[in-house]
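You will see two complexes here that share chain A, one where it goes with chain B and one where it goes with chain C.
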Partner chain A sequence: MKRQKMFLKMITASILRRRSRMLVALLAIAVGATILSGLVTIYYDVPRQMGEQFRNYGANMIFTPASGERLTDDTVSEALSQIDSANVVGCAPYRYEAVTILERPYMAAGVDMAEVEKTSPYWSINGEWPSQSGEILVGTSVASTFALSVGDDMTLTYDLGAPEGATVDEAKNGISENVNEKSFSVVGILDTGGNEEDYVYISLEDMEALTTEKGGYDVAELSVSANSDELSAYVDSINEDGAVSARLVKRVTQSENTVLSKLQALVFLVTAIVLVLTMICVATTMMAVVAERRKEVGLRKALGASNKSIIFEFMGEGLLLGGVGGLLGSVLGFLFAQMVSANVFNSSITFHFALVPLTILVSVLVTGLSCILPVRSAIDIDPALVLKGE
Partner chain B sequence: MSLLEIKNVSKIYGPLKALDNVSLKVENGEWVAIMGPSGSGKSTMMNIIGCMDKASTGEVLLDGVDIAKESDKKLTAIRRDKIGLIFQQFHLVNYLTAVENVMVSQYYHSMPDEKEALEALERVGLKDRAKHLPSQLSGGEQQRVCIARALINHPEIVLADEPTGNLDEDNENIVLDIFKQLHREGTTLIVVTHDPEVAEEAQRTVVLEHGRLVKEIINENFTD
Partner chain C sequence: MFFRMLKGALFRQKSKMIMIAITIALGASLATAMLNIMLDVGDKMNQELKTYGANITVVPKESSVIDDLYEIEDGSTTKAFLKEEELGKIKTIFWAFNIVDFAPFSDTTAALSDGTAVKVVGSWFNHHLALPTGEELDAGVTSLRSWWEIKDGEWIDEQNSEGNSAMVGSVLAEKLGLSAGDTVTLSTDNGKETLKVVGIFDAGGDEDEQIFTTHDVAQKLSGTEGLLNSIEVSALTTPDNELAVKAAKEGPGSLTPKEYETWYCTAYVSSICYQIQEVITDSVAAPVRQVADSEGTILEKTQLLMILITILSLIGSALGISNLVTASVMERSNEIGLLKAIGARDYRITGIVLTEIIITAVFGGAAGYFMGYGFAQIIGQTVFSSSIEMKPMVIPIVAVLIVLVTLIGSIPAIRMMLRLRPAEVLHGR
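Moving on to the complex of A and B:
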């Protein structure tokens, strides 16, 4: 039998035939590895999870025209091409026009309803989103002014400007007979608690029909799933081209950054504490193991074991436990992270295979470090004293 | 040249002289018993001969080498290569089987060899118990495993500390028979014992009292 085989036999027999004590050590390592692996999974998954949560708070990037010209489909598409399409949650162009409702001035927004739904998931709609021509979404403030409710009809009037041949006085006084009117059916009342309640929202096609003017947007709101560095890089890249001016909605991106960095710092801190606690626990257990086996160590030394052999044997046991504990921990850690993710973020996480060797490596390292003191005390054991039962 | 020669050895622990100017020669193949009451210095002497302790003064020549002056590392090597130890408490590794316990000694000495370890167990009549853990063996059987372990590396000296101290009469006789066999084969035996009956089996008995060698008895009736 080779020496290595005998070495393996001794350390595995020590673990397998002394189950109760070694189970405590294994449990300590596995629990530590589980929390470590789970927290590292969460640490890396939190930005994604939180990013998704933050997307509920609305757009985090705005496109506006770089020059006096309005945005067009082409300029927006070109700017969008600078952003990884997988990260674009939604891009909602807005065309604002001044309209009158029962001769009172209001702002109407022509929007792509489907995209607005993506960029502003926090909008609370009483009723439904407009889905076809002739349907309108009315802000709460507007609805209360005109006592509008879902199902009511209303008319938007758009001033096409002074007609050809109008007198200067007529133009100056804004009195014009050149208006366009369009009737809409109220399908939803918008409640956001913000400025959005002072607007009415119609489809872009209805806006073109009302204004008799095609194309062009004043602004495009984007919801992009990326961290602040990536967002800044996108903005810089878009602004270099010049046709579109991109900027970040700092209120959203900064608070996202703050929350994320604090959360990650918390997870990092907890991970560090768990590692230290695991080390203490493993070191204590290994100390107990060494104390319990003083006679055995003494015997081995009496039989001619060198200090190196004693170190190898105890370290071998510790590292084997570390490896098995790490393997267990990486599987249990994933389940732990999955549970946390399901309960806190209401979503699932993906298994990071790279974490398995990493967790095993860290467990082995932590166990190795924890074994240093106990092993030092083992090599100090005097065979003569131990064999006499002192 | 004697295999072991102790010259004017003293071992001092603070105010206590555990061994006081002791001298002793043991020839190759000899069977010597060391007797004496508790506290007489028997164990100290065993530890010094077994390279587990160092004399405060004097010389301990093993094969002509003064082990009193050797480093701890060198003493470990001498213990591993030249000395076989048998203990009163057996001291088997409780999670290893009988044959594995014997192989542990081979592991530290050279190369573990299961066949050879089984042969050593066969010599002490325990081949059929080779795969048993110490907890599954009787006291006598455990002591025989301990003897097999002490012999496996063919040591120059076998040191036995109260080898029958924890055994009943039947097992005591089995162990003594094994010692007789070893002596016939030329093994040098040094047996520390309280038991006059065990000492009577040796060729020579030295008696220690208060750390001094006070008497040496040659067993005229010694037969192998």
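Moving on to the complex of A and C:
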């Protein structure tokens, strides 16, 4: 009991009385611990956060009908239920219909604009996304053909097919044309550099009104935030059910894999090198702080302290400093990681509680090890020599 | 006297000075490595992002204007083409060095022996280009379609094959029961070609139902020798900023001469497109938004991430160094007390301590720079399999950082030392 009290007293006294020096040591440890916990948190979170950025490349999975029939809301949502809903960034069904604009044939797509905005974030729109009925998004090449600009009106014509009772000749000559017309106002012009520029996009409701029937979807584009193994697992489980055939967009998934793995390797190596160097820095600082106490070690030895008790005391001090520094570092490191995440990815980071004990453990180990070396060398010499100052 | 004291301190306290030098070297190497990687990560990631394929497509200017004017309905006769002879000009534009890959495409529809129509695409695979500038380049779909999975056989090797080779999409191959080594016969109005199937690919898209072959074969089949349908270009670009957006939206004509010069001489995707249009007659070069825009976002994020990590490690190494310097200066209270006791002035003491530390810092910093070079190369080789370019601007940054950090680290300690009363210090309190 008494020994323990004395031990605690010696440690607290040595820390309190040598405040400025201990502050230096504590600062060194805290900086090391901050870098440790900050970088490890970033290392863990970067793949997830970067993965979200890669969703900018758009859909990485495509649903097509497995049989000849079109996709319906039911089959799509059933297939969708196979995927962890937290990972689904967006699911945009497309319904393509042939329409005519001023007698020229074009393809019109009925889409859920809000979902398309999620699955195709790279669509560059001059104007706005359609948000209500009667608004249309026009591909650049369609717009230039008809000299359309934002704010103009245009009409889509849908051929309902020959009306019942009409003869083939009548239908052919357009005598009893059975067409449905709907007028739209152009709110946006779409520029993608791809095929999309040849289409016009309207909402699903307008498409229903235009065609006078609730048809299914030709294809559904999905943007799923998952790695390639998870994606193939989803695809396999969806294809088993049969109603929907799921495919991965190789261009997006394969490339994402390549680039993301490079990025992860980069962050890993950087983290490793920074950590090793920082830990050595912490160790040298601790060694300098402790080396200066050779005299104290000599004095204590002269007074009859055993080697064991001296090492024990220094270790105790190191433990305390390492613990406090590590705790401080885990908090600061988390704040740093949070700052990085907010600045780079505009999102918050999850706090890894397992990192707190890890950070403390590493700082205690580094501190302890770097204390031992100089203390041991002081113990090994004759106390008289140390006290004399040689 | 000053120099003797300096020499004494440096050599007699060798181990201590070496330790300071090591710490400074570690800090400097960290700063060097991180700064170099940060400055180069954009270029390196840009290269990696090339796996997403071309970011610019060049197509002939629409002939639809003529169609509309004269109401010619049969599009095939008036279809516009690009000229093959102009292809090489792509590598002569201002940003030629940034064009890492490009391939011409010419497609046609041909009939198989059983009469089914398939789309046949002719392109380069690993076409070897020796440019007048001395640069050599292997361009073609082998690198532009890096995500293709070869199910059977291999890529067409243009340099070592006897010609008349083809690669068949996996869906089509399954339909026809083809595998590598078989032959397919394609016929059009312009002739008949028998091709050897070299590989079966899975592209995960429309291309799975097409046949890819070398350029000359496809041109013979379509009867359009010397003409191309489109060119895909993969270029290293700078993420768009306000200027690039303005130029892209309102056309380069809307820029002031000064803005135009900046825009033209920056590797924006829009300026590279513009330069390609300048050299290829009657062409429209447009960025593939899916690739070009996403590239920009990802590059920006990666760079920002590396900048923040660099800042953290710079702060870390700065604090590490100044901490050690503070600790080691404090330790010398006895010596400083003695100097004061025998009548040394404050500025002399400060001068000696600082010079000592700075000399140590210079050696440590120099060693650290080379260590940092090593670390940067290790990272470059392991992650990107290419060396990291060492930017000369890093040297002054690291030098200033080290000097500042050692000075800032020693000043509080020296001030504390100077406040001490010699008698107390020497007495051992």
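What we mean here is this: the second predicted complex is superposed on the first by the 328 of 390 C-alpha atoms of A that agree within 3 Å, B and C clash if a C-alpha of one lies under 4 Å from a C-alpha of the other, contacts with A are read in each partner's own complex, and residues count from 1 in each chain.
Quick note on the criterion: a contact is a pair of C-beta atoms (placed from the backbone, for glycine too) under 8 Å apart; a residue touches a chain by one contact, two chains touch by 3 or more.
Just so it is clear, the model here is predicted, and its values are computed rather than measured.
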Partner chain(s) touched by A:Ala384 [first = chain B, second = chain C, both, neither]: first
Chain A residues touched - chain C or chain B, whichever exceeds: C
Partner chain in contact with A:Pro47 - chain B first, chain C second, else both or neither: neither
Partner chain(s) touched by A:Leu303 [first = chain B, second = chain C, both, neither]: first
First, second, both or neither for A:Met10, with chain B first and chain C second: first
Touched partner set for A:Phe336, first chain B, second chain C, both or neither: second
Which of chain B and chain C A:Gly322 touches, first, second, both or neither: neither
Touching partner for A:Ala265 - first (chain B), second (chain C), both, neither: second
Touch list for chain A against partner chain B, complex: 1-3, 5-7, 9-10, 13-14, 17-18, 295-296, 299-306, 309, 382-384, 387-389
Contact set on chain C toward chain A in their complex: 16, 19, 22-23, 26-27, 29-30, 33-34, 37, 41, 45, 48-49, 51-53, 56-57, 62, 64, 68, 146-149, 202-205, 249, 286-294, 297-298, 301-302, 304-306, 308-309, 312-313, 315-317, 319-321, 323-324, 326-328, 330-331, 375, 378-379, 382-384, 416
Complex contacts: residues of chain B adjacent to chain A: 43, 47, 50, 52-53, 73, 76-77, 79-81, 85, 87, 89, 91, 93-96, 100, 103-105, 107-109, 111-114, 133, 149, 161
Contact set on chain A toward chain C in their complex: 20-21, 24-25, 27-28, 31-32, 34-35, 38-39, 42, 46, 50, 53-54, 56-58, 120, 122-124, 126, 141, 145, 191-194, 247-255, 258-259, 262-263, 265-267, 269-270, 273-274, 277-278, 280-282, 284-285, 287-289, 291-292, 336, 339-340, 343-345
